[in-house]
């Protein structure tokens, strides 16, 4: 199954259960529950997170706040990176940049994170955030991010927080 | 009073009521209420926003999610920029970059946004986010951001959303 | 001819002579001559700049210096943006970020700049830099950049420096 | 001597000869010779590089090209990071972002790179570039950068290229 999936984008995951590991870690991101975000796609090196419009996520003009856009884009990129990392690893964000192309108005917002380069220590990702309304889909933001593979470090391993 | 304040950092606000305008706009950022953020300082070109640790703001390792750090840093930078903008203007974020220096663990988190260069169209800001616990204060993230002055544009003016 | 070209990527240039304007401005970037860079492609919203490996462009490990990679990527993005701008305008870089994916080793380096969003004031671009050697082409860096349209401003207009 | 120097900014170098190592590596950055850049200050975690105005470093408006500004700022940040790294290490740039605050016009340009956070693998730096003319000094650009410590890797160690 891994081989089938990886053929889609050329990435080969290092673990058989990458999908389970991403879902399990996502469930522990309490902030995703607060903002109503859902994990809607997990492929090797490619993850999508979706959030519906809610008034309590907006900034002063009624658009979704750039920080919330950053929240789903950062996690989409981080989990895209994590999907390719070895067992016993965890992922930390080193940095990201977000460019806002259009006001984040719409019914729902989908952040697509993709791995561009998967290195031993550093993984570089790009994220796109789309606003959807009726038939219309609009690119509202792009992210580039550097993610770091953390091996066996107590306190920041994904498994340490899984029951 | 404006002159007194501006002597602190050399910026001279274009409006007498810059402080009121920032507070009024902040109140309309619904997401700030969701995450429990407060506006704790407004000077010309300098704004601070604070959020307390809450479990529902965390990522998988129990640290505050980078996207929430970005949310308060972006607004601190945006309002620092807005504090120097003319009447009838509003502010939009063009882009920001966040570098994470340390895990965001602590009791409360303070984002300090400062204007580096205030131009007619573009304002460049830098943000610092500190984690505080007991007597300890630690720099956990830095931001650089480009903000844009929007003049008299319906739908994105601050005044259009004020009662 | 403009219509033909624009069908390739959906952008419609505002001037008939966009290609000439880009070439003319590029010729005035003296630094391009210093580093031996050439303008190899100009489409609406899409520009490529190429530089050959030269020992005097390297950093301490013998790779092309990241700043030289930034130089050709910034100009490729800037001219991609400029190709869609109106007559009597000029272009200035607001900011760019460069992520380095692999050491810049190879025989020649091609920076491809593309417009993602062309606004009245701000144009957002992405750049990719490829290293080429024999049959191999490798993505070594990515850029995201914000470009600004400057209208009729003395001292920074492209035409003021054209003979 | 190390102790004296480190008291200035709180950083303690891991090597006695950090200054020599930085100077030695800088000499091997051939591009610095091409653009006429000089290393003018080396402290633990703090490095300055200077370049004089030259017509052949300019872009189309006669200002120094943003890529050249990036070149000296990247090296100033990289060497600031390298000054705190252990023996047998070398430094690579992961990413940087440059915000341009004002046109780079002047007689000489000084890039100041400073370490904000020195980690085992990642060092985060900020850079400032000042334009100087007569008595006037103007901040024209700021950089934030992530640098990586590379240990004992053949082909990218600083010592492998030193005579």
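Each chain gets a letter, A, B, C and D, in the order it is written, and its residues are counted from 1.
Operating definition for what follows: a residue touches a chain if its C-beta (ideal position, glycine included) is under 8 Å from a C-beta of that chain, and two chains touch if they have at least 3 such contacts.
This one's a predicted model, so the numbers in the text were calculated from it and none came from an experiment.
Among the remaining chains, A is positioned farthest from subunit D, on the basis of C-alpha centroids. Counting the residue numbers that touch the partner chain, subunit A and subunit C have more than half of them in common.
Across C-D and B-C, it is C-D that has more C-beta pairs touching.
Here the spacing of subunit C and subunit D, counted between their Cα centres, is 25 Å.
Mean C-alpha position of subunit A lies 30 Å from that of subunit C.
Here the spacing of subunit B and subunit C, counted between their Cα centres, is 33 Å. Those residues of subunit D in touch with two or more other chains are numbered 94-95, 97, 99, 144, 146. Of all the residues in subunit C, the ones that touch subunit A in their complex are 97, 99, 101-102, 116-117, 124, 126, 139, 142, 144, 146. Within the complex formed with subunit C, the residues of subunit D that make contact are 25-26, 28-31, 33-35, 55-62, 65-68, 70-75, 90, 92-100, 103, 155-156, 158, 161. On the subunit D side of its complex with subunit A, the touching residues are 94-95, 97, 121-122, 144, 146, 148.
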